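Next come two complexes built around chain A: one with chain B, the other with chain C.
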Partner chain A sequence: MQRSSISTHIILILGALFMTLPIWVAFATSTHAPDTILREGLQIMPGGHFLENYNEVLFVEGGVMKKVTALAMLKNSMILGIGFAVGKVVISMLAAYAIVYFRFRLAVPLFWVIFMTLLLPLEVRIIPSFEVVSDLGLLDTHTGLIVPLIASATGTFFFRQFFRSVPDELLEAARLDGATSWGFFKDILVPLSKTMIAAILIIMFVVGWNQYLWPLIMTTKEENYTLVIGIKQIYQVLSEGGELPQFQKAFALTILATLPPVLVVLVFQRWFVKGLVESEK
Partner chain B sequence: MSGVELKGVQKVYPNGAKAIHGVDMKISDGEMIVFVGPSGCGKSTLLRMIAGLETITEGEISIGGKSVNNVSPSERDVAMVFQNYALYPHMTVRGNMSYGLKNRGIDKATIEKKVGEAAKMLKIDSFLDRQPNQLSGGQRQRVAMGRAIVRDPKVFLFDEPLSNLDAKLRVQMRIEIKRLQRRMKVTSVYVTHDQTEAMTLADRLAVINEGRVEQMGAPMELYSNPRTLFVASFIGAPQINLVPVRHDGSSLIAGALTLSGFPDLPRDADMMLGIRPDMLKRDDAGQCEVRVDLVEQHGGENLIYGALTGATLADGEEQEICVKAGQDLLPAHGENLRFSFDPASAFVFDRATGERLL
Partner chain C sequence: MKRVQFEHSPIPYLFVAPQIIIILVFFIWPAAQAVYQSFLLEDAWGLSSQFVWFKNYVDTIGSSSWLQAAGFTIIFSTLVTFLSLSIALLLAVKANEVIHGASTYKTLLMWAYAIAPPVAGLMGNLMFSPLIGDLYKFMNFIGFDFDHKLDPFDAGFVVVLISVWKQVSVNFIFFLSGLQGIPKSVNEAAVMDCRSPTRRFWTITFPLLAPTTFFLMVINITYAFFETFGIIDTTTRGAPGGATNTLVFKVFQDGFRGADIGGSSAQSVVLMLMVLALTVIQFRFIERKIHY
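After this line comes the complex of A and B, so read on.
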C-alpha cells in the first residue's frame, strides 16, 4: 500500500493537470492583450490585462458582441439554467408521485412511455418542437426557451425509485392522520426528498446551462442569447475574419461560461453526494 | 359509545385470494381485544380493514354504531400504532404528534396542550424537539403511541407494536400499554403473533387461523377450554402435548400405550389427545412413562423433554412429550420417569376436523 501510494498520487496529479490545464490556458490567455496573443500564441502565464478585458466583455456594449454584453447573456443563461432545473424537478416529482401513489389505468404503460423518451434526444423532436413554439408565438421568449425542455424522464425515474423506497406505513400513518393527497406530498414526501431534490437541481442546472441546440434555433435576437450561444457567435466572427481577432475576449467569455456550473457544484457538492447516496435508503 | 362491530366481514384480493372468510365479532366499548394467530393468518388484514387501509369485500364494519364501510381512514376516528412505528423521519417528536391534529384544523394552543399532556403521560416530554433518528427503539415506540393518544380516537389499533423491541423492553412496554389502555378506557384492537403478549394484554382474545376466527373469549377460557385443536396448540407455552390416538371402546390407544378413563368416543376414528405440560404430575404409578432426553432449567421451573414410552408414531418416530415440573425434579439424560394426568383435564380432538370431542 505504502509503495503504490506514490505512483497513484503521480497518476492522480497527471490526470488532474490533464483536465485542468486547458482551462488554465484559456484563463491565462484571456488576460493578455490581443496583439500578444497574435504574436506569441496561447499563453501559460497570466498577463496584465485581466481587469480591462473582463470589464469590456462584461459591461461594455459592443465589447464582445455587436450590442449585448456578457452580463446580459449571463442573465439569460441563469434564467435558462434555473428555470430548466426547477421546472424539471417540479414536473418529474409530480409525475413520479402520480405513478407511484395513484392507481389509475395505464399507470405502468404510461411510466414506460415516459421512460422510453429517454431514448429520444431533443434533436429528434427539435423541428416539431420549434413548430409548436413558433406557432404559439413564443420564439425569443424565456417561456419558449424553457417549457419545451422541462419534461424529464431521468428525473421522473429517479423520483419514482425514491418514492418507492419510502415505506408504505408512512402513507398509511398520514392517511390516518387525515392528510390529503396534496398534504402527504407537501408535508411528507417533499421534505423527505430534500437531498434528492438538491442533487437533481444541481445536475439539471448544469445540463440546462450547457443547452446549445435549442437556444440556438430558438433565439433570433441578440439580447436573448445565452452565454453558450455567445461563445459560438464570437468564435464564428473570429473564423470569418475581417477585424483584428479578439481571442482574449473569446477566452474570457468561455471562462465566464464555465464559472457558474463549477461554483454550483463546488458549493452544493456535499448535498449532491448525500442525495445520490441516500436515495438507496 | 365506541364499540366496534364486524358482521360477515370478508376480504378477497383482486387476484382471487381469500384472506378473510366471514368474521363476526362484537367489541364492546373500552374493551381490549387481541387478534392472535400465525403469520399470514389474516389478523393484520382484519385490523387494517377496521382502520380503513384495506377495502371490505363483503360484510359490514361499524364503529360506535355507525357503518364505516365507505368512510375514509381519517374520518373513522381511529389511531394506529405500526410495527415499524412509521414516524415521519423529518419531523420532531412534537411535529409527529401534532401532525394529525393540525390536519384536523385544531388551533395551536389546544395542540400544544394535548401534545404536552400525552408526552407527559408517556414520559417523552424531555425530548419533544428531537427527531426520531435520535431516539432509541423504546422511545420511538412511545412516540408512536403518543401520536395515537393525542388524537383522542374512538379506537386504538396496534399492529404488532412490540415486535421490533428487545425482550426486556417488550415486557416493560407490554405492561405499560395495558396500564395506559385501562386508564384511558379506549376500545383497542391489538394484533400479535406472540401468544404471551396476547394472553397478558387481552380482555378477550380472538384466535385467527386462515382467515377465520377459531375461537374468541377470555384468555384463560381459551387456555382451559379450547374449542379446536388449533386453539389448543396455539395458546399456551410450552405448547400442549399432542398424541395421536384411537379409541377401542373402553380406552384410548396410542401405539402400545393404553390410556383408560375416557368415555364415549367414536370407535376407530383418528383422534388427537392433548395434554398440557403442566397437567402431568410425577407419579410412580402414573399412566405414562417418559424417557428423558433434555431438561431445560428456567429457574422457577424445569421443562423436561423426552419420548413417551410405547407410543410410536405411524412413521416409526417416537412421540415427543414435554413436562413442566418444579425446579427440584432434575432427571438425567436417558432416565425413565412415570407421570400421571387426570383424564378429565385432557382434551380429545377429531384429527380430521380439528373439533374438540372431549
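After this line comes the complex of A and C, so read on.
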C-alpha cells in the first residue's frame, strides 16, 4: 500500500510539473534582460528586470506593439471576455425560457435553428462571416467583435436543461399570485439560477478572453487588438527577425494574456468545474 | 416541455428573437454563402464569377495539398486525442486515489485550461526556438537531428506536443468528475472480488468511464480539428512545405492569403459535413446513454 502511494505521488508530481513548468519558465524568462536571454537561453530563476520589462510592455507606447500598450490590449480583452460572457448568458436564458415555458407554434423549428449552430463552428464559415460583418460596417467595433460570437447553442442547451429541472409547482403558484411571464422570469427563475449563471459566466469569460480567429480577422486597427491577438503580432515580429529579438517582451505578453483567465479559474474553481462539466453535457 | 406553460401569445417570440436574429445573420447566412460560393469560380479580381457546379470541389479536394492536409489532420487528431486522453486518465485515476494534497494536485493539473491555444503555441514555439530554446537544444543533445523548421516529422512533433499539453487539463477535469461519480460501494465490492488494482481498473472502472471517454473523444477530435488553429498559427504555420497544415488552417490560408474564395468555400463545406458527422455520432451516443 505504502509503495503504491509513493508511485502515485511521483506520477502526480511529474504531471503537475509538465503542466506548470512551461508557464514558470515563461514567467522567469520574462524578468530578464534581452541580452541575458540571448546569451543563456531560457531561465528557470526570476531575474532583476521584472518591473522594467512589465512597465515597458504595459505602459510605454511602442514598448511591445508599434503603438498600442499591453494595458490597452488588456482592456480590449476584458471587454471581449465580459461582454461575451454576459451577452451569452442573457441571450441564452431568454431563449431557453421561451422554449421551455411557452407553448408556441414555431417552438420546435426555432429550437432546431439554435441547434444548427453546433454544426457551424466559426472556422467553417470564416470568409463569408467576415464579409457579412464588413457589409454591416461592424469591422473594428465591439458589437462586431462580440455579437456574432454569442449566439451559439451551448448556453441555451444548458439553461434549457436547468429550467426543465425546476418544479412545475413554482409556475402554478406564481400564476395563482397573478405573476406575468416576465415577472416569473425576473423574480423567480433568475434568482433560482444564480449558481448556474455564475458557473456559465466564469466559463464563458475564459472562452471569450481566449478567442483568437474571430478577433484576428475582424480587427484591422492596432488599438482594437486583444492580448491574444497581440501574441500573434509579436510572433510575427520575432519570426521576421531584424534587430535584437525582444524575447522578454514576448514572454511578458504571454504571462499577461494568461493571468486573468487563470486567476478567474483558480478563484472560482468549484463553480468553474461545475459549469464546465454541466455545460458540455 | 413543461406540463404547465404560459398560453399562446407573441411574448415567447420576443424572448427567442435576439438569439434567432443573431443566428440568422451571423450563422445561417454566412454558411449559406459558403455553400453558394463553393459552386462559383471568381476571376482573379473578384469582378465576375460563373457557376461551375462541383469544379471547385474536384479541383481543391483532389489536389495533392488538400490530401496532404487531410492526411496530416487525421494523424494529428488521432495522436492528440489518444495522447491527451491517456495522460489525463492516468493523472485523474491517480488524483482520485491520493488523499494528501489532492486539491493541490487538482488545481495544478486543471489550471492550464484557462490558457488560450495561441498563447500555448507561442510559448512552445519559443521553447523550441533555435536561438534560445532549451527544448531545441535538448532534443539535439539526446541525439535527434532535430530541426522543426525543416523536418516535417519534427514540426509535427512540436505541434502535437503543444496541442496535447493544452488539452490534458480539460480531459483531466472530466475524467476526475467521472471517477468521482462512481459509487463507493462499487469500488468496495470490486476490492473484495479482485485483488489486482490494474485488473480492477480495466474490468470495473474503465467500463464505467466509457460514456465519459466516448464523449471526450468527440470533444478532442473537434478540438484537434478546429481549436488547434491558434497553435498552428503561432508555431509552424503549416511549414515545412505544408506538412503541418490542418484542414482548417488550409481554409484560412487559401481564403485569406490565397484569395481563392471558391476553393476555400468548397473546403469549408466539406468541413461542415465532417462536423455534421461528428455531431450525429455524439447525439446518437447521448441518446443511448439516456436509456441506461
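Definition applied: the second predicted complex is superposed on the first by the 265 of 281 C-alpha atoms of A that agree within 3 Å, B and C clash if a C-alpha of one lies under 4 Å from a C-alpha of the other, contacts with A are read in each partner's own complex, and residues count from 1 in each chain.
Note that in this section contacts are C-beta pairs under 8 Å (C-beta built on N, C-alpha and C of every residue); 3 or more make two chains touch, one makes a residue touch a chain.
Just so it is clear, the structure is predicted and the values come from calculations on it, not from any experiment.
Judged by the touch definition given at the top, the superposed model places A:V60 against neither chain B nor chain C. Once the two complexes are overlaid on the shared chain, A:E172 sits against chain B and chain C alike. Once the two complexes are overlaid on the shared chain, A:G183 sits against chain B while remaining clear of chain C.
Look at A:P191: by the touch rule set out above, it reaches chain B but stays clear of chain C. In the overlay built on the shared chain, the residue A:V267 is in contact with neither chain B nor chain C.
Contact with neither chain B nor chain C is seen for A:L71 once the two complexes are overlaid on the shared chain. Chain A has more of its residues touched by C than by the other of chain B and chain C. In the superposition on chain A, chain A positions 172, 175 are in contact with chain B in one complex as well as with chain C in the other. Interface of chain C with chain A (complex): residues 1-9, 11-13, 15-16, 18-20, 22-31, 33-34, 37, 87, 90-91, 94-95, 97-98, 101, 105, 107-119, 122-127, 129, 131-134, 137, 165, 168-170, 173-174, 177, 197, 215, 219, 222, 226, 229-230, 233-234, 248, 251-252, 255-256, 261, 264-265, 268-269, 271-272, 275-276, 279.
Of all residues in chain B, only 51-53, 72-75, 78-80, 82-84, 86-91, 99-100, 103-104, 147, 151 touch chain A in the complex they form. Across the complex, chain A meets chain C through its residues 4-5, 8-9, 11-12, 15-16, 18-20, 22-23, 25-26, 37-38, 41-42, 90-92, 94-95, 97-104, 106-107, 110, 113-114, 116-121, 123-129, 131-133, 136, 147-148, 150-152, 156, 164, 168, 171-172, 175, 181-182, 206, 209-210, 212-213, 217, 228, 231-232, 234-235, 238, 245, 247, 250-251, 254, 257-258, 261-262, 264-266, 269, 273, 276-277, 280. Per the touch definition, chain A reaches chain B in the complex via residues 167, 169-170, 172-180, 183, 187-188, 191-192, 194.
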